[in-house]
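Following this message is one structure expressed as C-alpha cells.
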Amino acid sequence: MDFRKAKRKIKYESELDSHFAKEIVEKAGCEDLFHCIQCGTCGGACPISAYMDYTPRRIVAMTREGLKQDVLESYSIWLCASCYSCAVECPKQIKITDIMYALKQKAIEEGRYPRRFPVTVLAREFFKSVFAKGRNNEGILMTKVLLKTNPLKIFKQALLGLKLWRQGRIGLHSDVIQNRDELRKILSALD
Amino acid sequence: MRYLYYPGCSLKGTGRAYEESMLAVFQALDVLVEELPDWNCCGATAYMAVDELKAFALAARNLALAERMDTDTPPADLIAPCNACYLVLNKAQRYITENESIGNKIHTALAAGDMTYSGGVHVRHPLDILLHDIGVERIKTAVKKPLEGMRVACYYGCQIVRPYATFDDQYNPTSMNQLMWALGAETVDWPLKTRCCGGSLTGTIEELGHRLSFILVKEAINRGANIIATSCPLCHFNLECYQKQWQTRYHDDAHMAVAYFTQIMGMAFGIEEKRLGMRRLFVPPAYIAAVS
Amino acid sequence: MPISSENNGKIPRIGVYICHCGLNIASVVNTQQVAEFARGLPHVVIARENKFMCSDPGQDMIQDDICEHKLNRIVVASCSPLLHERTFRKTAQDAGLNPFYFQMANIREHVSWVTLDNALGTDKAKALVAAAVQRVQSHEALDSQQSPVNPAVLIVGGGIAGIFAALVIADAGRKVYLVEREPTIGGHMAMFDKTFPTLDCSACILTPKMSDVKNHPNIVLWTYSEVEEVKGYAGQFKIKVKRKPRYVKEDDCVGCMLCVEACVFKKPRFADEFNLGFSFRKPIYMPFPQATPPIVLIDPNQCIQLTKGKCKRSCMNVCEKNAIDFSMKETFEEIEVGAIILATGYQTFDPRRIPQYGYGKYEDVYTSLEMERFTNAAGPTQGKIVRRNGETPKSVGIIHCVGSRDKKNHSYCSRVCCMYSLKLAHLIKERTGAEIYNFYIDMRTPGKGYDEFYDRLLDEKIHFIRGRVAEVTDWARRPEEEGKLVLRVEDTLVGIARRIPVDMVVLSVGLEAREDADEIRRQFNISCSHDGWFTERHPKLAPVSTTTDGIFLAGTCQGPKDIPDTVAQAGAAACEALSMIDKGFVQLEPNTAHIEENRCSGCRVCIALCPFSAITPSENGLTSTVNEALCKGCGTCVAACPSGAAQQRLFTDEQIYQEIEGLLSYV
Amino acid sequence: MSETDVNNNDLHLFEPRIVAFFCNWCTYTAADLAGVSRLRYAPNVRVIRVMCSGRLDPQFVVSALRQGADGVLIGGCHPGDCHYQEGNFKALRRYKLLKRLLRTMGIEEERVRLEWIAASEGDKVQRVMNEMTEQIRALGPLCLTPIPQPDFESLQEEVLTVVREEGGVCHG
C-alpha cells in the first residue's frame, strides 16, 4: 500500500456540471432520473454490478449531481449488458437501462470513451456494417473487433472460429439487403 | 395459421440451427411461416448505444415492411425468435407509438425512404405463438417420441420477459417449461432462468462475460439438469461455445448439452436430425441416441 | 323559509372581501385589481382586501362594515366554501344579517393554487367574484332547520381504535353499538407480542380494555356481525346489522370449552386463523384464549353436522348449558344512532406479489405478522423462534419496505414497519442470539422514544444495511451459502453489491386498505383515496371527520399509523361524536326543495325521480308537495320540473342563472 | 419578448371560456384537492358548484352557451358513488338528450362534456380541464349563427321518450 498515492477526492461546485443532469433527463426513457431514492435495488439486481467501478445507483446519483466526467469515463456504463433486471425491479420504475444508453450515447458524442475498449469498438463496427449492408455478419464483426482491440486474441479464438465455420455457422460471405438506398435515406434523414 | 417471420442476423449465422428447427417444428404443426422480404438488422443493443433514434428507425423499417406485407389479415403478427430482436422491435414499437417526438422523427425518416408505418404490427416470440396460438394440446398430439428422462433447464434469458412482460410472468416465466412438459420432459427448478448470460460481453470483456455464462451452466448441472433449452441465438452461443475454454479458465468442468427449445421439440416430434440442425451443435444432446 | 329581517333591504348593498391568504392567493392573484374591479360592479358598496379574512380582524372588518355601511349582502373571495363557508355565514349572522345572504368565491383552490400565469389568474378571480356578486343579489333569507341527534353511536370495527373510541363514549354515559366482523374483538393488536418502543406486552395492555368493553353497561357488543344497511343522515342514522350464526347461543355459553374437547374431531386439523395457519383448531373453537366475548363458535364449512347433517353431536351432549344450536340462522338487528365511527382497520400486504422475495416458495421466508405470532408466548411455537426444520436460526434477515415505497405496489410509506422491524430484530436477537441483518431504504423513527430505541438496537450490534434487497434465492455461489437463503443487495453506504446468507428471512410487509374498503366506502357514502384509505374531511383541520356529516374515522382505515396514533385518533373521533351528541342537534343546510303550488301542473315527473320518496301528490292530486324532512337537497326534481314549480333553496334556478351570467359577464 | 414567444401567443390568441358545473361531493372536492396538491391547469374553466350533477338543468348549459361560453363541462361522481344514490345517472340521461339537442341547434356536441371525477381524483381534474381547454381551443369560438330550422316533430318525440324514460306521466 502506497499512501503517497492518496488523491484529492473532494468535489468543488465549480468542478460539477449543472447542465449534465438536465441534458440526460430530457432523453427518451430518462424522464424519471430525479425520482430515484437511492435504494440500491438496481445494484442488487444487476448481474454485473459485481464488476462495475460504480454501481448503477451511484451512476444515477453522480449524473444527478453533475459529476459528468466521472460518469462518462466510468466503465460501468459500458458493462451494462441491457438485461433490464434493474429496470423491472426498480420501485420507482426508473428505466435505468435507458439511462445507461443515454450515457453511452453521450460519451460517444463527446468522444470520452476508451478508444481500444472492445465494447465501444464493437458498437461502432456494428453501426458501420449495418449502415453499409443493412445486416450484420457476426464472424466478420468479431474479427474486426479483435483486430482493433487485441489482435493477438485472434489466434486464441481461431480454433473456435474454425469449428463454427465447419458447422456452417459463420462465413465470410456478407448478407446484404436489396434496398440499401432506401435504408440509407431513412438513416440519413435522422442526421 | 400464417405468420410473418423476422429472422434477424444471427438466425442466418451462428443461430442457423434455431431457424432450421423452428421452421421444421412449425411445418410439423401445419403453421405457415413466411420470411419478411428484404428485412434489415433490428437495431440491437450495440446500435442503441451509439444512436437510439437510428436504432428505432432500423426497427421501424422492418415493422413498416411487415405492415405493407400483410394487408389481408391486419394487424400482422411478426415472429421474432431472437430475444434481442424481439425486445428491440417491441421497444421501438412502444417508443414510436407512445412518445410523440420520437414517433414524429421516425415517421419523417421513414417518409424519406417512401415508407409509412401506422403502428399495427404485433411482434411476437415463437414461445408465445406455440403456447397461446397453437396450444399445449395440439403440441402433445404431434409428439412421437416422448422425451422421457430428459431433465431440462429452461433458459429464457433476459430480453423476452424484460422489460415488457406481454405473454409470460416477468419474474418466473413458465411458457417454455409448459412446452417441455408437453413433450414428456421434466424441467428442473433453476432460479437463473432469466439471469443474464453476459450478452455481447463474452466477446468484449471476456473475463466478465464468460463468468456470467459459466455460472449459469454450473448451476444447471447442480440442479440436476441434463440439457439446457435456449430461446435466443446469443444466449445459446454463450452457453455452448465456450465450454471448452472454461475448463482452462476456471479449472472447473461445466459440460452440458445446450439446444434450442425448437430442436428439442423437433426431437420429440421425430423430425430427422438434419432438418433440426443438430450437426451444428457443439455438444450434441446425449439423448438423441436414446430417443431416436 | 324566507324570514323578514330588518337588514334585508330590497335594494342590495353588497360588501366584497378579497382574502390574500398570506401569499397563498396574493402571490398569483392581484387582489388590489380584483377589489378595484369589484367596486365597479352594480350594487357593490364596498370592496376590501385583507391578509387573512378568516382571522378575527378579517371577520371584524365584515361585521363593522355591515353595521356602518348597512350592507345586506356579503361576498368573500378566499378559499373553498367547503372550508370556510360556515365561518363567514356565522360572521354575518353575528352582525345581525341572515347568514344566507352570503356567497363565497373560491379563488384559492380554484385559482391561485392551480394557475401559473398571474394575469390569467387575476382574470379568473375577477370572473368568479363577478359571478358571486351577481348571484348573491338573488339570495333570500333562510331559516336553517335543526334536527335532533340520537345520542347513540355506532362503531364499526373492534380493533384497538374501535375499542378505545367505544370506551370513551360509553364512559361519558352514551350508548355504543360496537359491531365487529370477526368472532372476537382485539384486531391486529391482539396478535402482537410486544409493542414498540417500550416493549410492553400487547396482550397485557389490550385484554383489560377488551373485557371492559364486554362488561360496560353502555356498550352493546355484536361480534361476528356486519353492517348490512345504512340509511338516514347525521343525527338520525338507521342501521341494519347482520349477525352471523355461531351455532352457539351467545347468552348461554360460558366458554368452558368442554364442547371443543368433546368434538368428534379428536385432533385439531383446520388452519387456525388467529395463528395465520401455523397451528390448528377444530370445527368448534375459541379464536384465542382471551377472545372477547369468551365464547366458542362453529365453522359451518367444517362441522360434519352442518355440512353432512349427521354427526354424533358429542359437543351438544357435553354442554350443560345447552348452548349449542345447529338450527341457528343469521339474524338482523335494526338500530338508530346519531353518529358513526368507522374503525375498520387494515390488512397486511401479500408478499407473493413480489415473487423475488420467495415468500411461499422458500419455507423459511415469513411475513412480519407471522413473526409476531412466533414471538408470542401464546403463539404456535410458544414464543420460540425456530425454522421449519425445528432448528434455531443462526442468522436472520429482515427486509423493510415490502410493498411500501414501491410504485408497483404501494407508493406510500407504511410508517410502522421500521419500528416494528426494530422490535422484531430485538426480540429475535434476545431469544436466539442470531446475527440479525436489517435491510432498509431509509430509517424512519420519528416518535417519542423511537429513535432512542434505534440507538439501543445499534448497541445490540444488529447489522443495519442500507439497501433494498433485490432477491432472496437458494442459489449458492460459495460453500458458506449452501443450504441458506441468500439475500442479494447493494450495500449503498459502502457502494458495493453483497450476498448475505441467512437461515431465515422476515418480510416487513406494509399496511394496505382492506380488500372491501371500497364497498364500505359506498355503504357509508364517504370517499377513499387512490390507495383505498378513507378520506378525512381536511388533512389538517378535520382529520377524523368525513365529508358526510356524522361519520367519523378512527385508526388505520384512514391511513397507516401505529398504536399511539391510532388511540389518539380514536379518542378524537369519540369526542367529535360526543360533541355532536351533547349539542343535541345538527344544523341542517336549508337546501331542500319545495314546489310552488300555483305553478305545479301535477305532472309527477318529480315523484318518480326523487331517490328519497320525499315527494307525494297533494291531497286533491292536482299538484305535488315535498316533505322537506325527507328531502336531502340533491335538486334532481328541480332540474326535471317542466314548469319551474320545483325549486331548491340556496340553488334556485334564478341563482344559478345569475351565477352563469355573472361568470360570463367579465371577459 | 422573443420572436417565438410572439408566435406562441398568436397561436393561443383564442382563450376559450368554459363553464363547469361540479357536484359538491365528488368533483368539486376533487377540484379543491387539485388545488391543495398544486396541480396547475389551464385557467379557462370556471366552476359553478351544485349539490349534485342531477341538479343540472340542460337549460343551464344552453344559457351558458348563449351568454358567451365556448364550452360546458359537467362533473359528477362515478356511477354508483352518487351521494344521492343516482343523481349522476339522471345527469347522464339528460346529457345524452342535450347532445342531440345541440346537434339540432348546429352546435358541435364536443363543446359539452360530462366526466365522472371522484373526490380523490385531483389529477383527473387537471387532465380534464386541460383536455377540455385544448379541445375547445381547437374548435374555436362558439359562433351562434341563425339556427337551422329544427325538425320539431322528431325533437318532440325525443323529448317525450326521455320524459317517459324518467318515469313521469306526461300530461301533454
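Each chain carries a letter (A, B, C and D) given by its place in the written order, and its residues are counted from 1.
Definition applied: a contact is a pair of C-beta atoms (placed from the backbone, for glycine too) under 8 Å apart; a residue touches a chain by one contact, two chains touch by 3 or more.
Predicted model, so just to flag it, every value in this text is computed and none were measured.
More inter-chain C-beta contacts link the pair A-C than the other of B-C and A-C.
The distance from the centre of subunit A to the centre of subunit D, each centre being the mean of the chain's C-alpha atoms, comes to 51 Å. Contact with two or more other chains is made by residues 85 of subunit A. Annotation for subunit C: residues 356 touch two or more other chains.
Looking at subunit B, one finds that none of its residues touch two or more other chains. Applying the touch criterion to all chain pairs gives A-B, A-C, B-C, C-D. Residues 355-356, 473-475, 477 of subunit C are the ones that touch subunit B when the two sit in their complex. Listed in rising order, the residues of subunit D touching subunit C in the complex are 15, 17, 19, 24-26, 28-29, 31-32, 34-36, 38-41, 43, 46-52, 54-58, 60, 63-64, 67-69, 80-81, 83-87, 90, 94, 118-121, 126, 163, 166-171.
Subunit B makes touch with subunit A in their complex at residues 9-10, 12-17, 38-41, 44-54, 57-58, 60-61, 87, 95, 99, 101-102, 105, 108-115, 158-159, 162-163, 165, 170, 195-196, 198-201, 203-205, 208, 212, 241-242, 245, 279-282.
By the touch criterion given at the top, residues 169, 171-172, 191-192, 215, 219 of subunit B touch subunit C in their complex. Against subunit D, the residues of subunit C that register as touching in their complex are 80-83, 106, 108-111, 113-117, 120-121, 123-124, 127-128, 131, 522, 525, 527-530, 535, 539, 547-548, 591, 601-609, 611-612, 632-636, 638-640, 648, 651, 653, 656-657, 659-661, 663-664, 667.
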